[in-house]
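What follows is a pair of complexes built around chain A, which joins chain B in one and chain C in the other.
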Partner chain A sequence: MELLLFGAFNGLIVGFFYALMALGLSLILGLNNVINFAHGGFMALGGYLAFTLVPFVGFWGALVLAPFGAAALGLIAERGLIRPLYGRDPLYSLLLTFGLALILEDMTRTIWGPQGLPFSIPDFLDHPLSNVYFFLTGYRLLVVIVAAVATLGLFAVLRFTRLGVCIRAGNADLETVASLGVNIYFLRAANFALGILLAGLAGILAGGQLGLTPTMGSSLIMPSFVAIIVGGAGSLIGSLLGGLIIGVAAGVVTMYAPAASEVVIYLIMALVLLIRPRGLLGQEGLFE
Partner chain B sequence: MNVEIEARPRVRAGRAGLRGDAVRFAIFAALLLAAPLWLPLVGSYTDLGTRVLIYALAAMGLNILLGFTGGLSFGHAAYFGLGAYGTGLMLRYVGPNMWLAVLAGVLLGGIAASLLGPLVMKKRGIYFAMITIAFGQMFYFIAVRWNNFTGGEDGLTGFQREPLAFPGGAIHLTSVPFYYFVLSFFAIGAFVLWWVLNSPLGHAMVGARENARRLEFLGVRVELLTWIAFAISGFVTALAGSMSALLNNFTSPLDLYWELSGYFVIICVLGGMRNFWGPFVGAAIYVFMQDYASSLTKNWLSVIGLMFILVVLFFPRGLLGMLARRRSG
Partner chain C sequence: MNIITRKIGRRSVLGGAAAVAAGSLVYPARGTFAASESPVKFGMVDPQTGTYAALGASEITGAKLALDEINKAGGVMGRPVELLVEDSAADPGLAVTKARKLVGSDKVNFLMGSVSSAVSLSLSQAAEELKTLYLDTGGHTDQVTGTECRWTTFRTCSTTWMLTAGNFKTLFDKFGKDWYFLTPDYAYGHSLQKDYATQLAKAGGKVLGNALSPLGTTDFSSYLIKIRAAKPNVLVNLTAGNDLVNSMKQAVQFGMDKDMTIAGALIELEDLAALPKEARLGWWVMEWYWDQPNQPHVADFVATYKTMSGGKVPSGRSWFGYASTHALALAANKAKALDTLSVVKALEGLVLPPEVALQPNEPFYRAADHQMIANEFPGYVLSNGAYPNLFHVADIVPGKTIALSPEAAGCKMTFPT
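Coming up: the complex of A and B.
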């Protein structure tokens, strides 16, 4: 029983990384109509930026500043590279972000080195909170809290701010939103930056838990795709749920059959596509 | 050779155009046949030519789906890698028979594509791309985790190209004979693709790309059509993977990795994905460029990434697409 709990909780933590990634990807997929292959690259960038910032502003400062650094770079990429491709064959935006992913990974490797870096977290977070549930450390609790706050924040922004209303309206019908006088170029840029902000945050949290490596982005982005497919396109709550489900599933399977821990999430995806192609909470008729 | 549907009628149709095609094809075939002779003269080597053929075949297999049927598959490394593993595992565990080994690779990759086809085809457009790339990763993890069978992360070793046994004797597949071995399979694969694309089935595929809904009104089942294209595509790409395992006497999970899938797509776009030989041209450029860039700089991954971006922003039609446009306009 404890083994099961241990696996499930471990998986939940990783699931929150997937979910944060999937939420950002899902935002960008919805309004920008781009599958952002570079999402993993921006995520790693967030982690590494935090690593560099920690000596100057401390862990907490880095936790706040680094995601905005990543988002700023994302904004530059959107303005300079992705924007010319809106309205063209979607193949091209896929290839462009793919190229960007390769460059980001290579640059991370060149700047910070090919070896993994330990990302130091404050000492007091490193201790187990309970003697029985030894896996419940302060840092893991922090991951859950930060991820939950970020997710709630995102939903609050989408629900209560003018920007959020415009983003949701744009998802439904971008043309009408444009004709109502909303600057959709600004809207798409802001939406892209918001997605990268979440990726950067995931990068820092994951860095503290799993360590920083140049390939951390490319190893976390595929499960995030799976999270979106399982949760369903067009639903942010679906992406969140999808991320947590596959995270917990992988965590539990790791305890009993470690070799199958990655394969199981793809089997879940296959099952979902077989039984309910639109995903758990996906909008019907999207991408069909 | 160009089966693209032209918006305006061909000006140079008729006999003269056909003769031009035949002459160009003859020159192309002669260049391929003589490659081991002229490659060293331009400072290259035979194995690099073999690699061009392999990447070209993989990309041409992908292109029947990508360029002609309009399915954005970003997961073709899976079928390439399965082809490679099928061949490698057969040689290592069953026996030193080259024909059986190639067959095993082609069947493993091709059948996997045929079975997964209906699953990945539930959605279209960029969502299709996401599903194919995600499924591709499944095979990557199987190869990494099934350590004692596949060699895990280090890759599969312990097999090599065997001599080809004929009644009159055996041919040892050193570099140059192996080039012709691959060229023969390349020719078979290319012929199958050409034949399919020029059949009514192929015309229907192009129709699905141009206007799927109208085709459905005409009573064509577009989903079935895409499935067939996906399966053919998988078989051809698996054949290329099988050749790749034989070229390197080695295969690793990187042959299944999603980055390779992206390379196949950019190869198609680079050469011109609306043109039958586009992926070949793309493969030639890509393989030589990668060889050159990786000898020049440690950051060759950035060079490839930059190539992706430049192609998308400035040469979206690819090399052959640009040439064809210049000729007709």
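Coming up: the complex of A and C.
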């Protein structure tokens, strides 16, 4: 019984991390209508940029600055590669971002080498916070806090700032927003950059508990997709919920049947798609 | 007179570009080319992308260094040697396709590679069908020279049995008899775990549990929770590559190194270099180490390798690539022929000369199962070490004393009539 509770608690912590990854993806899917397969590649890029910045600005400086670096690269990708595909079949953007993911992986391998890089986290975060709940380390608590703050911050931006209101309006009806005089090119670019900012942030946090290698993006992208499908595309609270659900499910199942730990999140996704295709909190009609 | 000026239009430029692009697809594998019409070709299938890319890169650099030396010394029977490298991406199906291409269209004389045990098993089978000699550089699972041994297959790296026997006694005597295994769920992991468990049972120890993690697991927290609940003396971490880095980082963050000893079988210098300082600990086995002050030729090898690799010291993987390439050349020169059967017979029993062996005790390829019998270098990770001084070799264990006999390994080799 104790093992089950530990597994669930641990899964909740992991779920917050999946939720952070899924947030950016959901944002991009909502307004840009782009299924961003390159999200994992930008995550890895964020982690690598942070590794490069740490000797100059320390861990915390890198945590703040590197996501902006990733967002800048995201802006370039959006302007050059994704903008020409707006309005077309979503399949085009899926193929493009898939190719972009491969390019980003090879780019990180060429620039930083295939050798994994030793990314260190600050010493005081590197310990368990309690002897009983030894899996709750200072670092994982940081991940939970950052994920919670990012969700709340995003919610605040969308609710209270002009940009956020435009994004929400654009989610509902982009044509009308355009005809009302809003610069939708700038809007979509800003939205994409915001999503990649979150991806970069997730990548840095991932680098602290995983090895920093060129392939880390591809191993993290699938749970993010499952999280937004389960939680509902187009809903940010849905992404959070989706991430938590698959985190807990994977955490508990790993305790008893590790071989099924990867399959269980896809089983949940299949179940959700069968019963409620829009996702648990998703907007109706986004992909129906 | 009408001078018809022919303009190079956009269409022809695009067509030309497309033709060049298409042409690059049929260009033979990237390789080092010597200026001759009939070079001897070695085909190497190793991961250059994917999770084992760093290990493959070391093997390839070691092979290239050997290639330079072989060609400077006159090549094979006076002909220069060419190395053609193909990316396996640690995918058995892809690796076999590349191997067939190397043999069928590039006409290589011998095959070598890989890093993943699964790929080595597939290549071993394919090479026998293609009647080509295959030298397994780095796939460790016992079966390659055990129950699935073939007359065309040789192996340079250790068997999983030799890895486990390399430090079993040390771990058992020093740290305790209750062990919990963290095993990657594929051939290599199962092999290592079975071999340790066999020795543990014989010595009177206990296997408290075996956590099987899928290859590519990023989050080990659930496994670590289970392991901690079982309270073992030793956590035997059998994962490799990225999985090893991930699990070690997380185990140390959970403070598990304070409750139990973390140890394992194989660790590679590339994995150690990817670990942050706080996660560099544990007792492991290496198959070759660069810092052998009493061994002649090693320092020269390290210096030459550093110029080729941009400052990195050679790892065990580098030595696999280096020794394998030299072994093929030596065997071909000894046989004075390039057909598979003659070179196989020449490679059987071949003792590596000291400047290739780079370790004591005269490593050689055992005739009965084609397995190299070299040494194991068990030791512990230096927690305050800085690259490249990351590992302390506690002992050099001769392979002769720990390897299973070919009969015990289950090898029944049949030659074609």
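Rule of thumb we're sticking to: the second predicted complex is superposed on the first by the 281 of 288 C-alpha atoms of A that agree within 3 Å, B and C clash if a C-alpha of one lies under 4 Å from a C-alpha of the other, contacts with A are read in each partner's own complex, and residues count from 1 in each chain.
Here, a residue touches a chain if its C-beta (ideal position, glycine included) is under 8 Å from a C-beta of that chain, and two chains touch if they have at least 3 such contacts.
Nothing here was measured: the structure is a model prediction, and the numbers come from that model.
Of the two partner chains placed around the shared chain by superposition, chain B and chain C are both touched by A:262. Within the superposed three-chain model, A:106 lies in touch with chain B and with chain C [touch as defined at top]. Of the two partner chains placed by the overlay, only chain C lies in contact with A:6; chain B stays clear of it. By the touch criterion defined above, A:213 lies against chain C but remains apart from chain B after alignment on the C-alpha atoms of chain A.
Of the two partner chains, neither chain B nor chain C is touched by A:172.
By the touch criterion defined above, A:274 reaches chain B but does not reach chain C. In the superposition on chain A, A:254 makes contact with chain C only, not with chain B. Of the two partner chains placed by the overlay, neither chain B nor chain C lies in contact with A:141. Applying the stated contact rule after C-alpha superposition, one finds that A:91 touches chain B and leaves chain C untouched.
When the two complexes are laid over each other on chain A, chain A has residues 105-106, 259, 262 in contact with both chain B and chain C.
Residues of chain B that touch chain A in their complex: 66, 72, 74, 119-120, 122-131, 133-135, 137-138, 141-142, 144-147, 258-259, 262, 265-266, 269, 298-299, 301-302, 304-309, 311-313, 316.
If you check the complex, the residues on chain A that touch chain C are 2-3, 6-7, 10-11, 13-14, 105-106, 109, 113-121, 123, 126-128, 134-135, 137, 139-140, 206, 209-216, 219-220, 250-251, 254-255, 258-259, 261-262. Chain C contributes residues 48-51, 53-54, 56-57, 185, 211-214, 216-219, 221-226, 228-229, 242, 245-246, 249-250, 252-256, 270-271, 273-278, 312 to its touches with chain A in the complex.
Chain A meets chain B in the complex at residues 29, 33-35, 37, 81, 84-85, 88-96, 98-103, 105-107, 110, 218, 222, 225-226, 228-229, 233, 259-260, 262-263, 266-267, 269-270, 273-274, 277, 286-288.
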